[in-house]
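The following blocks contain the structures, represented as structure tokens.
Across the two complexes that follow, chain A remains constant while its partner is chain B and subsequently chain C.
== the complex of A and B ==
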């Protein structure tokens, strides 16, 4: 009989191997690809083929992200900063908001000295988008593929989402299942790395930063259309994401509105 | 140190991560020395090895552990703070507590599943102090003898079940 402990080790070892395989083969943020590449993934799948066709009418490109549980935060961070590259006004507004967010988080009793590290690196990445010329795009791409920047950005966005949920705890309590408080939920599902994101994470982050996100849900549901959800409801989307069960990638519209 | 002068992208990254790692741990150490949680004493001289700390903890007054002294060991992997620290009680006196095994392993969710890089040595110490202080009855976990016989030396290699957070 296998003892519990060695079973634990086997399970953990297996998880590690899967993680390593994923990190060896899939970049944190991939190159822009033509959306039609999706078709090859679902060649014998009529339901998905129909939905991809629908998606191809609206979108031109896809950028894949590494499925490590942080994909929503990383995809959003990259896509929004990329969107801001040529939008000076929106960029300035966001930079100011990002700068100020630190004090807001400290007021919510996030430990100051750990917070500062994440805020500093986050601002370094935000500033890289505002300064410099031609090479800003490649710099953004490089930073998001370097764990030493990319993961700091993910942590900071997680903290911003958590802060928003805590500030509006009374409201968000209604959406939390089980007996957990909003603070418990933040500690267990929002702040730790690698924890997957649900509607509530998306609502929190998009509301906190006042940035519209449109998520296209591609699943086995009926119909041939890929349903869109806008967060926060009624806000013009700046970032488009494709959701397939358990994972978010970035989408690029055919005729982007600004 | 020769690495520092290397031009390759890969090595720059290693240095960057290494510097951030060291700066963060130095900062944590200073803050812990300046504002230690109640009953916690940390020696400013943690030796050359920044990845291994020992921290003294005194049982709080008015609790079941009053008058007892404990020693905690923190190990930090190169991936800290994205990976949680490995935290165990060491030395002759391991607190008798429903979440502390006699080999010093601690069953505490922020040490594995619920760890966040925004937490710190300080918050971990605080959680352990409060875990001890709220204890109503000194006893070992029910599966202590089996666990201690079969577990890995590293508590992070255990898949913990956090079923009871009332003690």
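== the complex of A and C ==
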């Protein structure tokens, strides 16, 4: 038993070191970069080169996110709030929905005391997008790179996704592998920080907020096209993400629709 | 310096004082809010009844994103407590949620005392006795209860 415990501690320590290295070198949310930067990453890789070419026809820029297991939620949070900066109507709709979500979560028996803390910080970030002038973009960027704000936004988005899965548990149960209930799945894979996101997380969050997300999948699959999936199916995408195995970054279209 | 973890721990402490759950208490140590001392009183109608079990809780700056390390300082005999006082409890590992606060952690450990999980043992002797020889199990637990008065 003793040796098991110390073995565990060694593994945990090693994990910590890897995490520290990543957090020292990659920002939570990076600057906007030209998409052609990807070409250099896969210089000797003909499959990816073709796919990047396809991607470059549709998209102009990429914004990288830190690969810490929270990248989907963080990328979505930033990209959607950035999208809302100049869209008053969509912003108002979202602000109202975000405001009301607190009572919805409390009704689902999330602990009120801690929930309020996350909700307050989440609304502070949402409100920063609605108020103020020119500096809103840099303020959003600053908040998303400040761990305290950024992680609380991620936590809150995870709770919203979890709440949606629980409310529609009967439906989502069909998509959960193994012998887990929806609640178990939420407790193990959705609510804890640093847990990577799968389709089900994306479907849950996009449905809960009623915001379309298009994910471009770049992998070693056949063909030269980077396949797109829209969540929820058939919804106009407001946020575009690039998926490479295990990681999500933000994409910016060449000719953005609203 | 105020960091998100420290701010949140101040809130946790305030809540624990204003709305204390029955049978548990906890407070930061004098000079370090990241290390807490806590006490769990043995729940009624269990062999742990009347015991006052001391614990330490160590937080990192990643709290509440990551759970704290919680250890019993008092000697324990329980299927889910390691020899060094470490606790095998899912919410302190893979089911941790940032929505749990100190109050929730302590009440979860308290209910672990009432309802051990002998299928994921940290102390295999305790787990075996709990399943097969409840009298001997209770005797060993009672010895810890008495020890807890002395500590």
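Basically, the second predicted complex is superposed on the first by the 252 of 258 C-alpha atoms of A that agree within 3 Å, B and C clash if a C-alpha of one lies under 4 Å from a C-alpha of the other, contacts with A are read in each partner's own complex, and residues count from 1 in each chain.
One rule holds for everything that comes next: a contact is a pair of C-beta atoms (placed from the backbone, for glycine too) under 8 Å apart; a residue touches a chain by one contact, two chains touch by 3 or more.
Please read these numbers as outputs of a predicted model, since none were measured by experiment.
*Asks:* Given the touch rule stated above, what does A:155 touch, chain B (first), chain C (second), both, or neither?
*Replies:* both
*Asks:* By the touch definition at the top of the document, which applies to A:219: first (chain B), second (chain C), both, or neither?
*Replies:* After superposition on chain A, A:219 lies in contact with neither partner.
*Asks:* A:124 in the overlay: touching chain B, chain C, both, or neither? Say first, second, both or neither.
*Replies:* neither
*Asks:* Contacts for A:11 in the overlay, against chain B (first) and chain C (second): which applies, first, second, both or neither?
*Replies:* Only chain B is touched by A:11; chain C is not.
*Asks:* Answer with first, second, both or neither: which of chain B and chain C does A:191 touch in the superposed model?
*Replies:* both
*Asks:* Should A:147 be classified as contacting the first partner (chain B), the second (chain C), both, or neither?
*Replies:* both
*Asks:* Quick check on the superposed pair: does A:113 touch chain B, chain C, both, or neither? Answer first, second, both or neither.
*Replies:* A:113 contacts both chain B and chain C.
*Asks:* If you lay the two complexes on top of each other, which residues of chain A touch chain B in one and chain C in the other?
*Replies:* Common interface on chain A, chain B vs chain C: 5, 110-111, 113-115, 117-118, 147-148, 151, 155, 159, 187-188, 191-193.
*Asks:* For the complex, give me every residue of chain A touching chain C.
*Replies:* Contact set of chain A toward chain C: 1-2, 5, 110-111, 113-115, 117-118, 147-148, 151-152, 155, 159, 187-188, 191-194.
*Asks:* So in the complex, which bits of chain C are touching chain A?
*Replies:* On the chain C side, the touching residues are 3-4, 7-8, 11, 15, 64-66, 82-84, 86, 94-101, 104, 122-124.
*Asks:* Residue numbers of chain B touching chain A in their complex, please.
*Replies:* Checking each residue of chain B against chain A gives 13, 16-17, 20, 23-24, 27-28, 31, 81-82, 109-110, 113-120, 122-123, 146-147, 150-152, 157-159.
*Asks:* Inside the complex, what are the residues of chain A that reach chain B?
*Replies:* Its residues touching chain B are 3-6, 8-9, 11-12, 110-111, 113-115, 117-118, 146-148, 151, 155, 158-159, 187-188, 191-193.
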